[in-house]
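There are structures below to look over.
Each of the next two complexes has subunit A plus one other chain: subunit B in the first, subunit C in the second.
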Partner chain A sequence: MGKQYYTDDELVERLWDYEDVKQLMAKHFYCYAGDERRKELNDLWVRLPQNRRTASLGVNTGFYTGMEDISNYYVVQLSDLRYSQLKPFCDADPSLDYGKNNLGRGILNNSAVYSPLLHIAEDGKTARYMCYIQGARAVGHADGSADCRFMFGLVYADLMKEQGEWKIWHLIITNDHAIPAGKDYGDYPEWKDSFGTTGQNGPLRVHHDPNNSYTEEELGTPTVQRTVYDPFFGWEHLYEDMPHPYYTLNPLHDYGPEGDFGMPYYERERRNV
Partner chain B sequence: MGLSFKERLHQALGVQEIERLKIYHAYVHSVSYEREEFDKIWFKGENSTWTHWFGMMQGFEMIYYNHTMGEGHMGVLDTYEKADTDEFPSFRGGDVRSVGSSGLHGLTECYIEMAKDGKSGRLWAMTAGVMMDTLGHPKVRGEKGPYAKFGEASWEYYGADFVYVDGEWKYIHESVVPVFHNRYDGENMGQRQYKVTDDNPEHTLWRGIPCRVGVKGPLAQMYDVYQPVQHLLQECPEPYDHLDDEHSYSPGHNELK
Partner chain C sequence: MDRRLNSEQLLDKWEKRRAIQNLMVKFFSQDYLLRREKDMYKNYWSKADDVCLAVNDGAYKGKDAVKGYYKAIEERTKLESSLIQKKYPTRLGDKTPEEVYGAGIMDMKALTAPVVEIAGDNQTAKGIWTIHGMNTKLTPGGQVSDWERGYVAADFVWEGDTWKVWHLLYVQDLDHASGYSWEEPEPVFPEDPVYAPVKEFHFPEPNVKKTVFEKYRADRPLQAPPAYPEPYETFSETFSYGM
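Up next, the complex of A and B:
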């Protein structure tokens, strides 16, 4: 064995930290799948006021910052969407209650997680996480039809140890492909979906739109608007953005709005200078 | 004899590090960052091996050449061809290795067995991964028209050996058994595989390029409608004392040299 940098006790703690962070993120995906987002924000995210102010949620088009904005988008807007999706069911069946107990009818949101890559900071205070989603999504309609797609994207997170417990601090949910079930992706240019998502169709080759798979409506209006992830260019910045071994979290390179996630190389260089 | 606390701790940390190396490999491979993989996480010796069904690359130099000059070079040429057209002017200046790619051989939970001597670990895993290209390619992937989007599923099994050298875990053997490679949810993958094999039973190319291999394949069996299910798998690691020809994905290449 090589020269030992940590004490045995520290090594044991780091061993558990690794498992705890994986566990925490697994819980996030459980909540995400079941629309239990309020519970997620309450239980899994940072709690200390100073950290709640700087918490962020990134999507392809920007960052929601602070727990209030995150909650408005992540919980309230989703709830509104679910009510609008429930309405046609209630119109078709007047006996069906237009209330919260029936929300999520016809919805499946399965973000199956693959390949979690994570590093605990050498100072033990934070962790950086990335995983790949190969999931599926279904939106049912009152006429018995459903829009089903395979959903893909990378998810990134900065996690923080708050009073001995790991919590989500910065989360980025990117999305790059929404392959319609039963269709060849090569046929996609000719295809338009029921959401009105144009996605990566022909004209976008020139005037591409970062709202690839989720509609602009679904992504909402982030607090900080910038291209966080442009599906058209794929994982060009993956290597720069993925977690690497580190001593302590540098705000210039974290997964929050002040970090350089998704930025072109020249922007990153400039920040380093 | 049982292991001491320190030895067990070393093994537990080794499991996590081996898992991390395998996952790191999957991500950097997905964007053709071959140097970042082979420079960083591989054991650079003559007993390093990298095996696919078409053959075995023996020794770090051969592996490095095939991946950085062969596979990596091919990816770069692909991208230059795209960038050389008026279709993608905004591509110019992008990273030619990774731009447009967005798919991963996503790994399911890895099975990892550590040697009792603490000097090696063995991993078995499977993927129902994907290979995506937002750009397509007029020559290589142009069946659906130039620049049609490209999304493929890639189903594989993996066996890998790792060694502990100078205080660090390193990859020494990788063995890939591909079983399906098909358009995502757009075709019957079993029938497609049958046709590919039927059309060219001697097929030994990798990404369309000839490789330098020490042992020529086929070394693994891709899916076939007649094959027994066990023929697709490498052996899952059993508890073992140390890396040797009985416990290795590359018999004959287990000395650290």
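Up next, the complex of A and C:
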């Protein structure tokens, strides 16, 4: 039940706000699964110039800010990666065209989205969203082998109502540890010796990384570099970051680069001072 | 939110959307899990002649073909149940075929990420969901647990006072034994004579043979999920999940 100061019409609008935001985020996951990221940026993200300048995409190692940097990472870098993944297939089979129509060969990216937490601001202008991902991800190789992993993470978003339509403004895709399909969780590789754990939650590595969902180079070089999510600490720093009921969005606590997402409590306290 | 509608119409549309969500949870999550295949066609499908159920390697098009799909699941479940009963005589031996129906087999298909659109004319609707499934299959080597990943998308039609499934697209990215990497062939376990008859069972082929969606393999071309629905006014304006 909404606050008493909402009219019935306003309550109906808020009911639909919740529906529309949930659907918008679901569409993000379908675009993500199908490598349809250009479509996602065009259709689902903010459109007004002032919002496109402040839009951001957070990954474990920082924030891409502004739609140009977001696009360069989220679309162009992925395309480059897909070309590099396609090359060995074309080398092995010269009849296979090394072109965009064959990008994504050997790729699986299926995200099951659970436990969404969503609050619409009382002023109705923004929304905050969080969910858990239980993903299945695979990268195939020309020799018939594949790197198949269960992958986990939390996704956060600030959404904004632009001209009556909800749009993604700040998105954070955290990547936690990954579990290779068909391998025993207890047999997890190298961190077992280094950290005395069963192996998950190691720092990111370059090139092949058996422990994490993504390698360091896949996360690229964010515009604003800071630790947004460190798998080694698990999600304990994110307790304050889940969406809570709010009146209007406070930029100090939003999911963009100016916010304090992912900071340890002692860094947040220093900021507040 | 459709701003042409007043609050009463918006609430009606919201209830229609909620009804679609409830239908799919009952149909796809609950009834597969609870082995209600013999009632699925009757309970959920449209009376339309052009009903269609598309799967990875083709489509069951028309009433008889769709009914035949569920009948085959029912027959397979009867066979599996009877074999599992033989395997576990102490626990299951005294049960009737009805009582033992569905024993030892699980089809759990959790649905996530719904996108549902009700047509402006309220006569049809469209939706898509991601499937995160955990299933058990009976093989000649015994019961094998599978991971299932995929999508289910549907066109719905308003019949009487309820939504019915008109076209269903049920495709799998993965349907693979747990404990094995997904590019590897399915494991073959030593045959158990009790379960051997299961290899004689053959599911009916789709009457429209077509590669609709390829399951994962190391060199699979990119398989984007089925398109999610966009707002539309009437069905002739949009695409169909049927074949």
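In this section, the second predicted complex is superposed on the first by the 246 of 273 C-alpha atoms of A that agree within 3 Å, B and C clash if a C-alpha of one lies under 4 Å from a C-alpha of the other, contacts with A are read in each partner's own complex, and residues count from 1 in each chain.
In this text, a residue touches a chain if its C-beta (ideal position, glycine included) is under 8 Å from a C-beta of that chain, and two chains touch if they have at least 3 such contacts.
Fair warning: this is a prediction, and the values are worked out from it, not measured in the lab.
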So, on subunit A, is it clash or fit between subunit B and subunit C? fit
Between the C-alpha centres of subunit B and subunit C, what angle is subtended at subunit A's, in steps of 10°? 60
First (subunit B), second (subunit C), both or neither touched by A:Y239: first
Looking at A:A181 after the superposition, I want to know if it touches subunit B, subunit C, both of them or none. Which is it: first, second, both, neither? both
If you stack the two complexes on chain A, which partner ends up touching A:Q134: first (subunit B), second (subunit C), both, or neither? both
Quick check on the superposed pair: does A:L117 touch subunit B, subunit C, both, or neither? Answer first, second, both or neither. first
Considering only the touch criterion stated at the top, classify A:Y30 as touching first (subunit B), second (subunit C), both, or neither. second
Taking the superposition on A as described, I'd like to know which of subunit B and subunit C A:F89 touches: first, second, both or neither. second
Under the stated touch criterion, which partner chain does A:Y98 make contact with: subunit B (first), subunit C (second), both, or neither? neither
After lining up the shared chain so the two structures overlap, which partner does A:P231 touch, if you call subunit B first and subunit C second: first, second, both or neither? first
Of the two partner chains, subunit B (first) and subunit C (second), which one does A:E13 touch, if any: first, second, both, or neither? second
Smallest inter-chain Cα gap (subunit B/subunit C, superposed on A) in whole Å equals 5
Residues of subunit A at both interfaces, subunit B in one complex, subunit C in the other: 8, 12, 15, 114, 134, 181-183
Write out the stretch or stretches of subunit B touching subunit A in their complex. 5-6, 9-10, 12-13, 16, 20, 23-24, 26-28, 30-31, 33, 36, 87-88, 91, 94-95, 98-104, 106-108, 118, 128-130, 132-136, 141, 143-145, 147-151, 164, 166-168, 183-187
Contacts from subunit A onto subunit B in the complex sit at residues 1-3, 8, 11-12, 14-15, 18, 114-119, 130, 132, 134, 150, 152, 176-177, 179, 181-189, 200, 205, 231-239, 242, 265
Of subunit A, residues touching subunit C in the complex: 8-9, 12-13, 15-17, 19-20, 22-23, 26-27, 29-30, 33-36, 89, 102-108, 110-114, 134, 136, 138, 140-142, 144-146, 148, 164, 180-183
Residues of subunit C touching subunit A in their complex? 1, 3, 7, 10-11, 14, 17, 110, 112-116, 128, 130, 132, 147, 149-150, 173-174, 179-184, 216-225, 228
